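Next up, some structures in structure tokens.
Next, two complexes with subunit A in common: one pairs it with subunit B, the other with subunit C.
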Partner chain A sequence: MTREQIAETADFIARYLSYMLGAGVHTSRVVRNSKRLGNALGVDVAIHTSQKTAMLTVSDKDSNVLNTRVVDIPSFPISFEWNADLSALSWAAHDRKMTLEEVRREFDTLVSKPGMNPVFVLFMVSLANASFCRLFGGDIWAMLVTFTATMIGFFTRQHLTKKKVNHYIVFIVSAFVASICASTSLSLGIPTAEIALATSVLYLVPGVPLINGLIDITDGHIQTGISRIVNAFMLIVCIAIGLSITLILVKNSLL
Partner chain B sequence: MKEIFWNTIASYNAATWPWQLAFIAAAAVLTLLLWFRPRRWVRIAAKLYMVIISLWIAFVYYLKFASAREHSEVLAIFWCMMALAWIYDLVTNFSSFSRSGKASYWGLIVLVLPLAYPFISISRGFVFPGITMPVLPSAVALYMLGMLMTFNEKINFFAYIFILHWSIIAISKITLFDIPEDILLAVSSIPAMVIFFTRSLKSMSGKFKPSDKTVTVLISAVAVLLAGSLLAG
Partner chain C sequence: MIILDIISDGLFAAVAAMGFGSISGPPLRAFPYIAILAAAGHASRYCLMTFLGIDIVSASLVAAFIIGCGSVPFGKKVFCPMTVLYIPALLPMVPGTYAYKTVFSLIMFFQEISSPTKGNEYLQEMIFNGAVSFSVLFMLAVGATVPVFLLRERANSMTRGSKFI
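Now for the complex of A and B:
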């Protein structure tokens, strides 16, 4: 393998792993897939990851030529589809002995698939939150209020994210907007109004970073795991701030 | 609770009816100007009107006259947020307040519905000042919805979702406070959800998945679900 080929392979694997990490895949899976992909392309891969960047060294098995890359991890929306597709790609490269060019073409096809429709996501998230409300014992009015309160909160989140507002601020504002809207149910005197208020912010809970953080720690990627958990914790604090503002304004006794 | 509700409406109407007439007159003038002579200053004035009437409901109706009701301050905050949605629209020029498509004509019908509120109350045997008027929260929300439907080229989605939320609150009042007039808001806001969101899908022109058709089916199913839930509730 020539130096140029090794450099090209390193470039591609760096891109591959940054996309996987950016889409919210846990670290051990990214490392495993990248190494498998490297193996299929005839190189050894050693990887170091952190919260914002990743470093990898690609070495030719025969010539001992090394090539190192440090890449920024882009922040994509969490995508289970990329997770599954890119993992499958590493297996396909391994099983079908694909060339670098073929793998790259396939990768480009997978990552350029259309994203989820924001209106679809808005409705599904609102329905999911209304269902949570029901699971926690909310009645039909609480569910309806949770549905529309979530819709307002999530729409605010989508809008502010599009405007590239700091995501901690986005979380605080979205939690406040959703909970203040849900708190309007208190005026109706319905018995489960407090359930509507509590469940209106559940759509913001950062489940994926929390799970990934724990998986990373149990897999030995403690540094990355802790960073992910701290990041998730910060978002939970933001949700708490947003909800607390509402509680201070409308229901001081709950605090 | 029901008695306090109707007493607050009566005291509000008795004290503010001249102001309410002024609001109705201003709304009529702005609507006609937007329909026949849509200029930039008219659009700005219409948005300013939305801000002022939202703040009026928040401060005058909820904080002054309805303060005897439990959690009236929550509803005042909600209407302040409605005002904020219109201020944001005013500053960013988010909506165009221009006519587009057949929904404009449906919007005209919705625009006159708030005027039906006092007549429905009177037909139920109520007498002034203990009747619903066009400058009560649900009637104002209905007027805003009518404006969004009539001048729907590019709408203020924040305001619309607030109105949708208010229609859920309003519909629950039908049984709780014996105010069937509010059915008008729910009946108008749910079809509006289908109209507004399917229009926004068209503007995305197939860049996303699932397909527009699938999302339209989902929106329609949610609209049916909401209507069914409201009937069941």
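Now for the complex of A and C:
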């Protein structure tokens, strides 16, 4: 392999790696898939990852040519679809002996697939939070309040995220909006109003990064795992701040 | 009546898993299996906690193990990595309420910092909630990952030969 070919391969694997890490795939899978992809393209890959950057060295098996990259990890929304598709791509490259050009073309079509319809997601999340309210013992009226509160809160979150507002502020504001909407259940005199108020912000809990962080820790990628958990913990602090603003406002009707 | 309780618990957990999962955009083909796994996991945790009186931490471990095992055949069927199926299925069991109560008790502790008895109560509550939320979360991740450790090779080739790319 020539020097240029190795550089080109390194470019592509760096892109593959950063997309996977950015879409919230746990570290050991990213490392395994990238090595498999490298193997299929005829190079050895060694990877070091951290929270915001990743480093990789690509080396040819025969000649002594090395190529090292440090890439920034872009912040994509979490996507399980990319996780499944890009993993399948690494196996396809391995089994079908695809060339770099073919793999790259396939990669581009996979990552340009449109995501889920935001209105559908909005409806699903509201429904999910309403059933959550039921699981915690809320009655049908509390479920309705939670459904509406979640819809308004999640709508706020979608729009603020689209406007590229800092994500901590997004979390505080949407937790506040959702809980202030749910606090109407107090004045409506619903018996399980506290449950509606408490579950209205649960759609914000960053469950995927929390579980991913712990998976990383059990896989031995302890540093990345801890940084994921700390990141998620910061978001939980923001949720609690947003909720406590509401609770302080409506404290009189709670006590 | 008991049967009805268990079924409705599973049903609502399935809806919650699909809804919270949809934020993270799983492939559409995975949705039915996420629902089945979430229902099985949450209903079994509900049974363990209500009828056998097992604590939330151990019950979560068992439920997560059931979800993890279920995601092996289902993952092979729809060509999805196991995590794509089991993370959304675990989401309804993530101890969100305990997690924000931890921070909330801390905030309340600052409010009552001058009163020694109330301040103590909030501090105690914070440690209680923090311990429960961390342990449950840890058990969820470990329980679901155990099948991956047991079947190294098989668990890592779920997407091999996928028809979907």
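Going forward, the second predicted complex is superposed on the first by the 251 of 255 C-alpha atoms of A that agree within 3 Å, B and C clash if a C-alpha of one lies under 4 Å from a C-alpha of the other, contacts with A are read in each partner's own complex, and residues count from 1 in each chain.
The definition used in the following text is that a contact is a pair of C-beta atoms (placed from the backbone, for glycine too) under 8 Å apart; a residue touches a chain by one contact, two chains touch by 3 or more.
On a predicted model such as this, the values are computed, not experimentally measured, just so you know.
In the superposed model, A:45 makes contact with neither subunit B nor subunit C. If you count the residues of subunit A touched by subunit B and by subunit C, you find the higher number for C. In the superposition on chain A, no contact is made by A:100 with either subunit B or subunit C.
When the two complexes are overlaid on their common chain A, residue A:37 makes contact with neither subunit B nor subunit C. By the touch criterion defined above, A:120 reaches both subunit B and subunit C. Contact with neither subunit B nor subunit C is seen for A:17 once the two complexes are overlaid on the shared chain.
When the shared chain is aligned, no partner comes close enough to touch A:173: not subunit B, not subunit C. By the touch criterion stated above, A:190 is placed in contact with subunit B alone, subunit C being left untouched. In the superposed model, A:141 makes contact with subunit B only, not with subunit C. Residues 115-116, 120, 124, 127 of subunit A touch subunit B in one complex and subunit C in the other. The residues of subunit A lying in touch with subunit B in their complex are 113-120, 123-124, 127, 140-141, 143-145, 147-149, 151-152, 155-156, 159, 177, 180-181, 183-190, 249-250.
Remark: subunit A residues 24-26, 29, 32, 77-81, 83-85, 87-89, 91-92, 95, 106, 110, 115-116, 120-121, 124-129, 131-132, 134-136, 198-199, 201-203, 205, 207-208, 210-212, 214-215, 217-219, 236-237, 239-241, 243-244, 247 touch subunit C in the complex. Taken in their complex, subunit B has these residues touching subunit A: 1, 69-75, 77-78, 81, 157-158, 161-162, 164-165, 168-169, 172-173, 176, 197, 200-201, 204, 207-210, 212, 214-215, 218-219, 222, 226, 229-230, 232-233.
Residues 8-9, 11-13, 15-27, 30, 42, 79-81, 83-84, 87-88, 90-92, 94, 96-97, 99-100, 102-104, 107-108, 137-138, 140-142, 144-145, 156-162, 164-165 of subunit C touch subunit A in their complex.
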